[in-house]
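Structures follow.
Next, two complexes with chain A in common: one pairs it with chain B, the other with chain C.
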Partner chain A sequence: MKAIHKTLIALGVAASVAGLSTAIAGDDAFTKPSISAKAMADALHLVMDSDRTIYTRKIVNRLVKKEKVIKASEHFEDDKALVLPAQMFRFGSELVAKRAEKLDDVNFSYSLQSLWPINAQNAPKTDVEKEGLKFIAENKGENYYAEETLGGKSYFTAIYADVGVAPVCVSCHNDHKDTPKRDFKLGDVMGGVVIRIPMDG
Partner chain B sequence: MFASSDKTVFMPGPMTGGHHQIGVACASCHTDALGGSDVLQESCISCHGEDRKKPFDSHPRSKFTDPRNADQLQNIDALMCVTCHTEHQPEMTGDNGLTQPADFCIHCHSDIGKDRPSHQGMEFNTCNAAGCHNFHNNRALYTDFLLKHQGEPDLLEQPVLPQREFASVLGELIDYPADRYPIEQLTATQADAPNDINVETSVHNDWWETAHARSGVNCSACHEVMPEDGDKPVWVEQPTHQVCAQCHSLEVERFQRGKHGMRLAANLPPMTPADARLPMRAEAAHTELGCTSCHQAHRFDVQSAAVDSCLECHSDKHSLAYKQSPHFKLWEKELRGEGEPGSGVSCASCHLPRVSFDVNDWMSRVMVDHNQNATLSPNEKMIRPACMHCHGLGFTLDALADEALVQGNFQGLPAIHVESMELAEADHKRAERERTLSEEH
Partner chain C sequence: MRAPLYWLTTACVFPAMAEVNTAYVELQGERLQQGRKIWLATCEGCHGYGIAGAPVPMDPEEWVPRLEKDKAVLYEHAINGFFGVDDTMMPARGGNPDLSDNEVRSAVDYMAALAAYYIQLKRK
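Up next is the complex of A and B:
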């Protein structure tokens, strides 16, 4: 039960973003385990995916494709441009990792991966990642859940489809010099969000 | 032995060139006698932390904390600085303090030939050595940057260095004591040294002919110092770097990050050339390094600080060759008033370059980076802050990779060619072909 207890507290991160009531320290109702790792991962993903969609559509697609006032670039500092949606997502995930290191009760990690990655380091690595990314690409609308052991620790791993929600997603990926796939269409599954929650101390 | 403040007797082995100056202060790194690698890691980051972030580091810690990298970390623990930079191990320490075999990239990038066909067959000990990649700082080496600077001439059309911006931003510096020292030209008679202080005429003239008097900085601004346990300022004959930091805090902070000032940062007596590992002039052996050792007090001549001060101590091959170099000819020309400001190239132009620094969240200014390490080890770190103001990227890569040319202070042309530019161009063409093919389908 210890693992689930941890995950409940970790939900606080998502809950505060999602506008749910936050936990009151010491109140049993808030610290008693009552949520599954799957439900927590689903909630986290809902927040991530919504923020990601908004950034891609209302910031990047609007300003780059529609208003044509600014570029988005992976070298955003040198090019004085918007950060790419994938970078926005990764920077958030890196900040979460850094902040979570200092919080005893919060422990999860997430990343954006693809079977067709522009950066080869974002290709699936573990067996669960490989199988999960294939599954979500072939079964549109379904998520993939599994347990896996990495570096001697066991994790609940959830994988969600990442869909091309705006024309910029598709055009940039099809055009990038390092892309292994140049025929993405709007609405295609282009990759997946992998969320990991540790199952033991 | 245990009670003595000098604990060097316990040192397990000589230190690297980067740290030997602070070797007597074990506690600079070993902050907790019982601490393990986590304690050491914190010490590394307390000095090197700002360089270990993007965009200055291509492999920041944040890249590796994800559990999906756990298997790779078992091969090479990239979360810990000491994995690749172990101290006290001179027999296995290579360039830039590296204590891993030179082919360490293979641990994570073994299948690079698949993603980059141009890299097929390359040996992994050449990633760094060929002048193409660094583990940390690749700001001037990444593919799109190489592409952006394709075809540049060896010498750019307008080779000129940026100018400092301290004077122009004074009014915006919140901490500047402008109420006591309004920014206005002081006259010779306004000097406020107390009457019982004997001020030599040359000192007085040096002050009022130069920038401090021009900007309202009176004698008391530097010489009146508040004692730690007092409430009344007292006159101090030789103010320390802390006094300079009242207005030039960024400069002093950066100075203390480099080899010239790092002993001050560790609360040790100042560095002297006698303690250096590079060849130095014997006459200068006991010069104590602080602000005024290079910027002579009262005159604070930035031109002599940019060349003469350096050569008073440094006597290695590269330094001694400077005055025969084309860079020095340009420097002389600028000093004679024949070259435009910024067209001369001094020692400082490359080793203490003028770069844009963030003063705070809303302002940056061009200032001299007094951390002379920031552009060295490896020397590709110099490309953007210094070389590229005047030279094309391709030429720069070649010149910096040519050790003999560097030693001779850039007299002549590079005899070495780094293939990065061609590889980037070839990769670009490959992508173009792929795009065309996919459009045709």
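Up next is the complex of A and C:
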């Protein structure tokens, strides 16, 4: 029942974010805020994490590890391979940001960041991001929530742990020439998903 | 339904409650103490939180069917790796190639005994 409840919230948020609520504008139930920023962030993360989990299991695990019919590679174009789950996630966030620019009532962003990024652009920038990534690394299993003001605007920011779930996640990060950390082990928090929602509408 | 009891009676004894200060209960017996150390260092990262579909030993519903299997199956899955029905993936030796077969088996023994402990706890 709990899972169904979460799914319904997720579907509702996804529909709202996609702009479907505008089709029935005028109905108070769909135009007045009816979900907290935390609930929206949790629902968004549930959708993101579930999609990524399914990609990891049904595409990467099944085709790469189990059936061995194709590789997954950071250099997927050169190697004619599948994109890595983390790349899939990052490409999604970039597309969402691009598409959201054209949707007036869609105001949120998300990114995959780390205190130990292979690519420096994925390091935390704000104080909340830095504090939140440190918190989830030190308190495994817990999320981090905070409000922050950026450019004069208030935001609700949620940070969720991103864990190394396969040996290849760990070995790739530990062995990468640009990594600042080489002692990750399976199950370690390697970074976090940062979801930011404006508080002012 | 005998399997959880099997793991308890053959592998461990309930600890005194005063000793229980964490969910990862310290179970008596040299092998289980060794297994607990290995489990904490290699397995806990995923099995402690259900990451990537890893069954959590503190969740009786996830472990009753597993403990009904022949323990050789659990050992084989842990040593050589295993794909679950939903294409979940248990990496060989928990992703730690430095572990010997015996060390992996002792970690399995601890996790199974811990699961049996929580199954018994729920039934009380």
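Note that the second predicted complex is superposed on the first by the 164 of 201 C-alpha atoms of A that agree within 3 Å, B and C clash if a C-alpha of one lies under 4 Å from a C-alpha of the other, contacts with A are read in each partner's own complex, and residues count from 1 in each chain.
By our rule, a residue touches a chain if its C-beta (ideal position, glycine included) is under 8 Å from a C-beta of that chain, and two chains touch if they have at least 3 such contacts.
Note that the structure is predicted; figures quoted are calculated from it, not measured.
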Quiz item: Any idea whether chain B or chain C touches more of chain A?
Solution: B
Quiz item: In the superposed arrangement, does A:E77 touch chain B (first), chain C (second), both or neither?
Solution: first
Quiz item: In the superposed arrangement, which partner chain does A:R57 touch: chain B (first), chain C (second), both, or neither?
Solution: second
Quiz item: Of the partners chain B and chain C, which touch A:S111 in the superposed model: first, second, both, neither?
Solution: first
Exercise. Considering only touches as defined above, state whether A:G151 meets chain B (first), chain C (second), both or neither.
Key: first
Exercise. Return the residues of chain A at which the contacts from chain B and from chain C coincide.
Key: none
Exercise. Can you check the complex and tell me which residues of chain B touch chain A?
Key: 55, 62-63, 65-71, 73-74, 108, 111, 115, 142, 144-145, 427-428, 430-431, 434-435, 438, 441
Quiz item: Hey, which residues of chain C end up touching chain A in the complex?
Solution: 42, 44-46, 48-49, 51-53, 83, 86-89, 91, 94-96
Quiz item: Contact residues on chain A for chain B in the complex?
Solution: 74-75, 77-78, 93-94, 97-98, 101, 109, 111, 120-121, 125-126, 129, 150-151, 153, 155, 174-178, 182-183, 194, 196, 198
Quiz item: Touching chain C in the complex: which residues of chain A?
Solution: 53, 56-58, 61-62, 65-66, 140-141, 163, 165-167, 170, 185-188
